[in-house]
Amino acid sequence: MPYVNIKITREGASREQKAELIKGVTDLLVKVLDKNPASTFVVIDEVELEDWGIGGLPVEEYRTQNKR
Amino acid sequence: MPYVNIKITREGASREQKAELIKGVTDLLVKVLDKNPASTFVVIDEVELEDWGIGGLPVEEYRTQNKR
Amino acid sequence: MPYVNIKITREGASREQKAELIKGVTDLLVKVLDKNPASTFVVIDEVELEDWGIGGLPVEEYRTQNKR
Amino acid sequence: MPYVNIKITREGASREQKAELIKGVTDLLVKVLDKNPASTFVVIDEVELEDWGIGGLPVEEYRTQNKR
Amino acid sequence: MPYVNIKITREGASREQKAELIKGVTDLLVKVLDKNPASTFVVIDEVELEDWGIGGLPVEEYRTQNKR
Amino acid sequence: MPYVNIKITREGASREQKAELIKGVTDLLVKVLDKNPASTFVVIDEVELEDWGIGGLPVEEYRTQNKR
């Protein structure tokens, strides 16, 4: 029954890495809460960098500012 | 006031089918809970197959595995 | 595979009405997109009135203002 | 700690306007709830017009109908 | 048309503070994107502290650890 | 930067189990995508059984039906 939504910035996550996230999260829910994998959904949303803000800034500006 | 979010895998849902989903969900909320259609939002998210996991696998692999 | 999230204000929706929403949305997805009911999730979130805003106001104030 | 998700129809919001939304929402949470900007996420989702329904219709049809 | 979801930890936000968030976010969307307040939803979710994780820890533990 | 939302049915998940989910998901994102734990949010939503539907039925009825 679990539904897991993973939002990450779009920065080149590969098909294999996404599959690894899907497997890892599902295995975790089986181990911790004994959930049924066949009714466990994992949905990954990739978000453009300009659409993600932290510290009041779009991510890229935040990272640039925090490198100084 | 209702806000309904429908997440489906991106597998060719047409403009007409989406309009049918929007109408159907709104009519249902009017019938069951007497909601006002003018303040009922329905948002459809289409998710790439590699971004949707079930059974610990990306959907396409899960379907292949379950065909055997 | 669909995941549907229905957010409504907490205003006394009964167990039966929620079951009707779950059935209605699932039937709609079967009819329109030929989805498998056994892998269709519907999750209902009831939101307190003070936590839902429209027109820049909490719902109850909005309704009072729009009755005048 | 806040996580804010802003869903808008895809109608040409510029990079600068999105940055303004990110800054405005973050400043608001600092002012009202004294939240830490460095752990405040703002994620903007732009939704295609055909994927957003109101009044039982896709947005464009709803707007056309309500102009008459 | 915007739908804004604000998730915050449940730490005593008052009715007035929530109304201020609703008004502030709506005004921001009017100012930046010229959105119609009457079709702008703002939904606030308060999350229990044990249900919010950062740095791999529930918030309270994270805060304790980061005070040292 | 990741934001992960885990929705589960409210069936007695303990504080420790939730902490285990938070740690496990965060460790997974560090391992697979080299994400920074300090800017990784995990939010757990527990959903009442009557508010979660599968197979067109509320969960409890679905489980009863599938035991026969």
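Each chain carries a letter (A, B, C, D, E and F) given by its place in the written order, and its residues are counted from 1.
Note that in this section a contact is a pair of C-beta atoms (placed from the backbone, for glycine too) under 8 Å apart; a residue touches a chain by one contact, two chains touch by 3 or more.
Quantities reported herein were computed from a predicted structural model and do not represent experimental measurements.
> Give me the chains shared as neighbours by subunit C and subunit E.
Chains that touch both subunit C and subunit E, as defined above, are B, F.
> What's the call on subunit D versus subunit E, same or different interface residues, using the half cut on shared numbers?
At the contact between subunit D and subunit E, which are copies of one sequence, the residues are largely the same (over half shared).
> Is the C-beta contact count larger for A-D or for D-F?
A-D
> Relative to subunit A, which chain's C-alpha centre is the most remote?
The most distant chain relative to subunit A turns out to be C.
> In angstrom, rounded to a whole number, how far apart do the mean CA points of subunit A and subunit B lie?
About 20 Å separates the centre of subunit A from that of subunit B.
> When the centre of a chain is set as the mean of its C-alpha atoms, what distance in Å lies between subunit A and subunit C?
Inter-chain centre distance comes to 26 Å.
> Express in whole angstrom the distance between the two chain centres, defined as the mean CA positions of subunit A and subunit F.
About 14 Å separates the centre of subunit A from that of subunit F.
> Could you pull out the residues of subunit A that touch at least 2 other chains?
Only 1, 3, 7, 21, 25, 39, 41, 43, 52, 54 qualify.
> Go through the chains and record each pair that touches.
Pairs of chains that touch one another: A-B, A-C, A-D, A-F, B-C, B-D, B-E, C-E, C-F, D-E, D-F, E-F.
> Which of the residues in subunit E end up touching subunit B in this complex?
Result: residues 1, 3, 39, 41, 43 of subunit E touch subunit B.
> Show which residues of subunit F lie in contact with subunit C when the two form their complex.
7, 47, 50-58, 61
> Using the touch definition from the top, list the residues of subunit E that touch subunit D in their complex.
So the residues of subunit E in touch with subunit D come to 1-9, 13, 17, 20-21, 24-25, 28-29, 31-33, 35, 39, 52, 54, 59.
> Given the complex with subunit F, which residues does subunit C contribute to the contact?
15, 18-19, 21-23, 25-27, 37-38, 40-46
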